[in-house]
Structure formats: C-alpha cells, structure tokens
Amino acid sequence: MTKQTADNPNNQMVNSYTPFPARIDDILVETEDGNLKTFRIVLENQKDISKWNHVPGQFAMLSLAGRGEIPIGIASSPTEKGRILFTVNRAGVVTKALHQMETGSRIGVRGPLGNGFPVDSDLKGKNIVIIAGGFAFTTLRATLVYMLANRDNYGKITVIYGARTPGMLLYRDELKEWAGRNDLEVHVTIDSEAPGWDGLVGFVPTIAGEVAPSPENAAALICGPPIMIKFTMPPLEKIGWTDDQVYLSLENRMKCGLGVCGHCNVGPVYVCKDGPVFTREQVQRLPVEF
Amino acid sequence: MNNEPSAMNETKWDPKIIAFLCTWCSYAGADLAGVSRFQYPPNIRIVKVPCSGRISANLILDALKSGADGVLVSGCHPGDCHYISGNYYARRRFALLKNFLEFVGIEPGRVNFSWVSASEGEQFAGLVSEVTETVRALGPATRLVKKID
Amino acid sequence: MSDTNSTITLEIRARAGELLASGEVKAFLGFAEGSIPMATRPFIARTPEQAEKLVWNSFCVINPAGFLPEVLKSVEPSRGPKDPPPEGPLPRVGVVATGCWSRNMVVQMKENQVSRDRLVILGIGSRGMVSNKKVQAMVGGRDITAIEEGEHSLTVHCDGEKTEIHRWDVIRDNCRTCTHPDPVIFDYQIGDSAGERHIEDRYVQVDKIEAMSAAQRWQWFQNEISKCIRCYACRNACPLCYCPTCFVDDSRPQWVGKSTDPVDTSIFHILRAYHCAGRCTDCGACESVCPMGIRLRILTKKLEKDVLEMYGSEAGLDLEAPLPLATYTMNDPQQFIIKG
Amino acid sequence: MKILKLEKSDLDKWLAEWMKSSPVYAPVQSGFGSFYDWARLEQGRMPELLPGVPKSSIKTFLFPQPETLEEFSADPADPSAFILKAPKTAEQLTIIAGVRPCDARSVSLNALPYAKDPYYSNRLRNTALVGFTCETQCSTCFCTRTGGLPTGTEGLDIAITRMDNTFLAEILTQKGELLAEAGRTGTDAGGDALSRLEQSRKNSGSPVSSADDPAPILREKDLMALYQAPFWQEIAEPCLNCGACTFLCPTCYCFDIQDEVIRDRGRRIRYWDSCMFPLFTLHASGHNPRGLKLQRVRNRFMHKLKYFPERFGPISCVGCGRCIRECPVNIDIREVYTDLLAI
C-alpha cells in the first residue's frame, strides 16, 4: 500500500514554511546605541527575486538556520528593486545573532507576509499623515518611499516622526533629504533638548496636536509604542479624526506567519495573516491582547 | 554492508572528556602538570570556572547531551576553597547528582568528581589518566547524547 | 462519603466560614467537589457562603501549597510596581494542610515564598489519598460513572455494575509509605491525629530500581519517560516549582529542547527531580496529575532517600533547620570523589 | 456507498492483511492506570476497544511532534550551508484503526486551519482512518453537544458498527475501498444494510442528531460580551497552566517552531505548543499580552468556542472529554459551554 491512491494536487502545494536563501548585502548601524541596524538583503535565486512582490506595511520572516525566525517589517518600498531592507532591533536570540552577522552571510527570508497598508486602494487620492515613534518607523519608511515614487496618487503628505534623542532617529540621511522636498511636510522631533539639535522638541502626541493635520479626505498611519499611540489619539480626535481613518500596525509573538500556529491571535484575528495593519476601528472591537 | 569495513569502526574512537576545573586549585593543578611536563592523555577539554560551586547539573548534562563521552569536575580540596565554602555546597550537590544519574541509568564512570589542589600537578595527570581509561573502557557515550536524524 | 470525611468536611466548612466571617482570613484555600468521579477542584472561598462548597474526600491529590503565593498576592491591596508596600499587616489566607502539604509550606517559608504569619492553617491528619489511576486499573480501564466512599472501601460504578474495593489497595504509593501523615504546623486541628507511622519498606520502589544494572535502569527510565508529552503538569502542580523562568523555558542558553525527543525529555525529568532534592515532601502531586501515568515519584523518592541517608534530613519537618542543600558539614560523605 | 458484513474473524483478518504492507495503529491497553493508547499492531498484538477514546488523540499521527519542517547543513564549508530544505516525504500509507467518530471529526476540523499546510496535507493523504462507531457514551463524552454524533462517520475512510454479533463496515472513500479490497474478506451486506444500520442505531437509543450544536448560537453572540463575561476568573482560578488539556485535545493544533543543530547538521522542527503557557505570547521585549492565567484560560476556550467558529463555522471541540478526564484541577469544558451559552 505504498502506491499513490490517486493523483494528488497536494503534492504541488506551495510550502510557505521554507525560506528563500538570501545574503546580507549591506549593514548600516542606524542608532547611536548600536541596537538598531538596517540589513540590506538580496535573495540568492533569480526565481525568488522575480516572484517577490510586497506591499508597504507587510513583514517577512528573517530566518537564521540554527537560531530560528523572527518577523520583521519590510523597511524598503517595492519600488526599490533588487534589495529588501530590514531594520532590526537587538532584543532576543535571533536578533542578537543577526546583529553579529557580517556582510555576505547567508540568511533566509520567508514572505512577504500579512497585509500591508492599502496604498493602492483606500489610501489613493487621500491626504496622508504618517506618525511614527522610535524604531516603529520602518514599514512607514517603506510606505513613504512608495508614496513619493507614486506622488500623484496622493494628496498632501505630512510626516511626524519622533525619537528619544537625535542619535536614536532612523534613516537620518533620508530625513534630511525629505525635509528639503516641497511636496512633503516633515516634522522631526526629539523628546528633550539635546546639544546640537535645532529641530522640534517634544513628544510625538504634542507635536501631532500642534501640527493638527486636517481630517478632511485624509488617513493617518500610526506606528509606535502603545503609549505613544494612546496619547496621539486624543489630540487627533479633538480636531475631528475618526477611528476608521487611522491605520495601525500591531505586533505579537509569531511563529509561522501564516495564521496557523496560533501564537499571535488577538481575539479572532491573527496579526500575522489578517494584519499587521488594521484600522483603529477594527482594533477597538478586539480584546487588548497585543 | 557487513563485509565493508565501516568508516566509523576504522577511525579509532578516542574519548572526549569535558573537564570543569575551578580556577584557583584544579586549573592551577592542571597548569602545574603542564609546566612540570607530567604526561597525561590529551582527551580532556578544560572549561575553567571560578569555583566548583559554580558547576550546576545543567552544565554537566549539557556536556553529555552535546556528545561528551565523559565529564570531570574538579575543585579545591574541602577546606581550601577560595570562597571558603563553595566546594562544601558543591560536594552535597555532586553526591546527589552522581547517585541520581546512575539511578536513571548513566554508567558509573561517565561523570566524575575530584579535588585537586594547585600543588598537585602530578595527581592531576594521574586523575586525567584514570578518568580517560575509565571512560575508554565504557566506550562512546550513547545515553543522553542528543541526535537528530 | 465516609463518616471521617464528612466530619472533616463539616469542620472545615465551619472553621473556614468563621474565619472568613470574622475577617481573620480574606480567602480560604481548599477543595470543592469535582464534576466527574474521583475529581476534586482546588477552590478558593472568599465569603462564608462559598465556604459551604468546601469538601474533604480521598481525592484531594493536588497540593494546595502550590497555590499559596498566588492566593496571598490576590488578597493584597492592589498597587503599582513602584508604590511602597501598604502599612500594617497584609491580609491572611486560610488553607487546609495534611502532613506533606504542611511540610511544603515549611519549605516555602524557608525559601521566603510565603510567610507563616499570613497563613491560618487547618491541619488534617491524612488517611492517605486514593490514586484514581489505581482505581481505574482495578476496573480494567473502563469508564467509571460514580464512586462511593466508605470508611475502608470504595464502591465503583462501572457499566451498570458495582465493584467493591479496599481503600488501602488503591491508596497512592506516596501515602502508603508516608511516615508523617500529621501536619507539622497548623493553627487549628481538624479531625483526629493520624499519628506517626513507622514504615518498613519506605523506599521499596527505589530499592527495586537500584538493584538493577545500569542498562536495565536506563531501559526503565526511558520506558517511563517515553510516555511524556511535555505538558509540564508535574512541574506546575509542584509547590517547589516557582522559578519565574523555568530552566526548560530558558533560551539563552537553551538547556533542553522542547519537543518529545527522548534526550530532551530525559534531561527535563532529571533536572526537574534534581531541583526538588532536599525539598520534596513526596506529596505525590506530580504523579497524580501526570496524564500519561509516568511514575515520576520514584525519581524524587530516590533523592529523598539519599538526602536522608547522607545528610539525615527530611524536607519540611523543621522550620529552623536549613535546607540540606543550603548547608553542609565538614565531613559530609565523599566516597564518590576520585583521588587523583 | 458499499456496506460489508464482517465476522469478528474477518476483522482480525483485515488487520492482519493490512499489517503486511502498512503500519497499522490501534488502541491497546497499556500503562499505569490501565488506560489504553495507540500502539503499532504486530501479528499477535490486537487492539482492545473499550468504550470511549484512547488516552492520546489521533493528532499524534497527523500532527506529530516533532515534525521536521526543514533540514540544513551547518557545515560552513558546504556551499549550500544554512539553506533550508523540506525533507523528502515518503508516500507510505499508515492505517489507524479503532478511531472514534469524535477523533475522526477532529481531523476534518483541523484541516480547516491547516488547509494550506503541506505537512498536514501530506500526512492526511497518507493516512487511512478506520473507525468504530460508539455504542455507549462515557460519562465524559459530549459529542452531541459539539455538532458530532456517536455514530458519525465524518473524516473516516471506513466506519465499522457492531450489529448483534457481526459488524457492518461502511466503505466511505476510495481509500476505504482499497483497504476493504486488501482485507480480502467480508461479504456484501445487501441493499437494505444502510436502513438496517440506521434502524439499529435508532433502536439502541443512541442520539441521531446533534441538535445541541452550539456553533450557530455562539457565532451570533457578541464577541466582547463573551470575552468580558464575569465567570472567567472563577473558571481560571484553579488552573495550573499546564498543557495537559491542550496536548491531549484532538483539536488543539497550535505549534511552536525551533531550530536544532548538532555539529554539522541542523533541522527546523515544529512541536505542540499550548496557549496555557505564559511563554506562548511573550514578546522579546518582555511584554506579555496574555500574562495572566485568566487571559490564557479564556483564550483557550474562546478560541475553541468563539474565534474558531467565527472564522471557520464549527466549534473547535469534538466532545471527546479528554480534557475533562485529565485536567488535574477538573476544569470542565461542559460548564464553560453552559456559561457561554447563558450570556
């Protein structure tokens, strides 16, 4: 009874658990504490490269054979061909090992996974407000780069980004470049006065209140620590923003990234499969388990 | 298959023994053995630790799990501990552990304990010879050795 | 329910009710009736009315000591992580305790997990608890629909038939060989003292294994743990296991793989038992809760035997004496030491 | 559908014939407490079928632990070092005999979340389930309250029912036909066999409908009303946070993934994980969204009884009663049903 009983389409089932082999092409230390590095990844196989297609806001599993996998938001825009960027905070077993790796090392990438920001549907034609705190700027960088590459599809774009200190800001070179553009409004802030800093000072919620972006035909994409999101909402609500206009990206412990293993559920939804991007309206209807 | 000489059998197996030595006495003893040119078998891999009291069951089992054929733990003689009493506490733990490992079927002789002082270079060489021979007689470790197939 | 057990049940209810009514305790930890035969449920009464749900029978196999740190915390006034502790004494908790459970509480006190002055202990001389696995075996693994407890017998209802079995024949192994059925510390005595017992064959299960060859012992150990599904019921039911991060959950370094690989499972069981050395009171909770019927107690019993033989110490009998592995003497036995 | 009539000796012959070419597993008595559990049959070792379910569920076969997801070389000199590759899977049929309808149903329920899982699909394809319908219900059985039936055949390839002193085998799938053929015995039970089978079931007093299926009712209930219900504290209070319920449950399918390396070889495995463990949801930052026992206990039941039906339709419970039987502190899912339905 070892023969096949029937011809099986299952044999051809795509194995979404197996990562694509990839190489670290470049490593950039982002922050002064050295805990955040951006890894530029190049897939090794041409067929994987041609298949790869992601939406800003999606994530991928970075796979270090022998250590494990971690879900990391994709920091590059699909318009940046030939490279995939991941900005990784050193926190656990895998990220620590990744931080010790060198250019040219082999890793694995599994993805893209989850749902990104609806850049080509709901967000099209809207005024966009991007609000980010700390190292949660990564997938919003992807989104911003994508929107700038398709600038005509969006109305006014406002970026509010804050970090603890100037040295903790991500993508500093690009921030300077964006600040110089006239089709973009950029507000970069740090938590408290620092020598050599002549920009904004204050927490992200405060700055958001001061900038007071109009909710008229607009959407806000907010990523940051939960406390920042919590305090950013009241000033926005005061000027008329509603929950369905606000997009958030949730985080939870993940293992499979495919909505199967059960780790990342928030009530009935899986952050990995149904998210990580949700509207605030959706999140408000869920248990607070993230 | 049976007629072919297996590669495994051809390569002569030589025991690998992990030795956890306290830095103050036993490691110094090992050092002295080297300096004094006392010959002993090259089968041990030394892990230097601050005190025999530092050696937990976790470390010993981890050595076995990772494929060590034998483990040797050595510290200062009772009364000589650099930290006054580390080896006294360790002695109780080791006594229980050794009995317990043998209770679940680990061969006597796989996990060994000794006291060697900084001046006992010759004794250290003798100890290593003895432990190596014991482990050699037992053959390659199989129990508690993790394999993936 | 047997007369002894119904008397004890009524006494527990009355005493717990009083303690709760007077405010002497804020919660009372005991057992409630389970939903199926041979099951009880650890139960926390917070009002005198709830105390009426408390029961005592031969199936109270969970060690309530394990719940104490959590219950004690639950009755404390809530406060933030940086708030200072409240002034005055913290609320107390009542708990039932047999010999082994009270000894576990002593161990917890020595290890600063609970404090004596926050407990009101209702001491019960134990007649031994019944092993549901032994009862199950008596009826060939068939479904038991009801069970009635007599003073010295159990009537098991199975397939519409009744089977009468002697209580002592199905008592848990740890209770059979128990030498201290009476609680060592208590505030109120419930029921009669069970008295000290002298047991000839206290270590009979251990002796049997010790008599085997190393290869046979390994075989026995592997056979036992091959059933393990790594559910950690043994660990979680144990009042000694309170580490915030258990060694099996450590990831840096990872001591044990998490699947049912025989080596990983072996190491888990060796280390779990070994961590209980000198602290285990043989309450039998680990073995009772094991869904796969692993004879876990034999491991801890071996350690108990060695600690008693080598250091003359039995866990939890003495509030003052240090734990055997937290002390030493100059001339502890060291025959196992190889002389270089 | 074909129905075959079998004597006891025919059944033994079937098993004996199957064993010649395939591994056959069935419940046999074993262990402390005389429980019975799955074991591989050998000639001379025949199954014993007591009422009720074996100790372990059949997810042991379809969702085994550990399951190797990928293998890799960890030898840096190897040009393909650290490239993960799924192991080659053998197309070998495994036969599980003596499967109860509840366990069989769990296979179809788990296939919902595992719809795109190549490992589960592969095992499903290579496993044949030969079931025995239940004549009696144990004190912990409650399949009729989950949408199942003691005589249900969902998920089975062959369903065998005892009728008086003979057995009727319903051949339900193509795989089942192959097995019946390979068994090389049994006679056609005749055209009226099905109606006789149904009549006999009716006469035995066995439930014939799962009218108590709570799925439609629970799907309609307000999620947050159930989530915030006052009874969770009381249900969770005695919980030890062990994984006995989840690991014995046929429909608990959560897993963890880990890498293992021994010298120059490595593998990525998956193995059972339990939402009862605090580690299940612990972030690397130290934050734990379900850090409290109450949250974890609630998640398990909510997943089975609300989240799963919202996503897939049926509840993720087949009423086998294993969790009730084995929970060290007697948390009884039937009480949770009652509580939830009362909201």
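We just call them A, B, C and D in the order they show up, numbering each chain from 1.
Basically, a residue touches a chain if its C-beta (ideal position, glycine included) is under 8 Å from a C-beta of that chain, and two chains touch if they have at least 3 such contacts.
Because the structure is a prediction, the values reported are computed rather than measured.
Engineer: Starting at subunit B, what is the smallest number of hops through touching chains needed to reach subunit C?
Structural biologist: The fewest steps needed to get from subunit B to subunit C is 1.
Engineer: Please identify the chain lying most centrally, where each chain is represented by the average of its Cα atoms.
Structural biologist: D
Engineer: If you tally the C-beta contacts, which comes out ahead, B-D or A-C?
Structural biologist: Pair with the higher count of C-beta contacts: B-D.
Engineer: How many angstrom lie between the centres of subunit A and subunit C, each centre taken as the mean Cα position?
Structural biologist: 49
Engineer: Quick one: subunit A and subunit D, Cα centre-to-centre, how many Å?
Structural biologist: Roughly 38 Å separates the two chain centres.
Engineer: Just give me the whole-number Å value for how far the CA centre of subunit C lies from that of subunit D.
Structural biologist: That pair's centroid distance is 32 Å.
Engineer: Mark out which residues of subunit D touch at least two other chains, giving numbers and ranges.
Structural biologist: Within subunit D, residues 256, 258, 260, 266 contact more than one other chain.
Engineer: Which subunit A residues touch at least two other chains?
Structural biologist: Residue numbers touching two or more other chains: 92.
Engineer: For subunit B, jot down the residues that touch at least 2 other chains.
Structural biologist: 146-147
Engineer: Using the touch rule from the top of the page, what pairs of chains touch, sorted by label?
Structural biologist: Pairs satisfying the touch definition: A-C, A-D, B-C, B-D, C-D.
Engineer: Please name which positions on subunit A make contact with subunit C in the complex.
Structural biologist: 92-93
Engineer: Over in the complex, which subunit B residues touch subunit C? Could you list them?
Structural biologist: 29, 57-58, 61-62, 65, 74, 78-79, 85, 88-89, 91-108, 112-116, 120, 123-124, 126-127, 130-131, 143-147
Engineer: Going by the contact rule set out above, which residues of subunit C touch subunit D in the complex?
Structural biologist: Spelled out, the residues of subunit C in touch with subunit D are 34-37, 39-44, 62, 66-67, 132-134, 136-137, 140-145, 227, 229-233, 235-237, 249, 257-261, 288-289, 291-295.
Engineer: Would you mind writing out the residues of subunit D in touch with subunit C in their complex?
Structural biologist: Listed in rising order, the residues of subunit D that touch subunit C are 29, 31-36, 50-52, 55-56, 65-66, 136, 138-140, 237-238, 240-244, 246-248, 256, 258, 260, 269, 271-272, 274, 277, 279, 324-326, 328-332, 334-335.
Engineer: Which residues, counting only subunit C, touch subunit A once they are in their complex?
Structural biologist: Of all residues in subunit C, those touching subunit A are 251-252.
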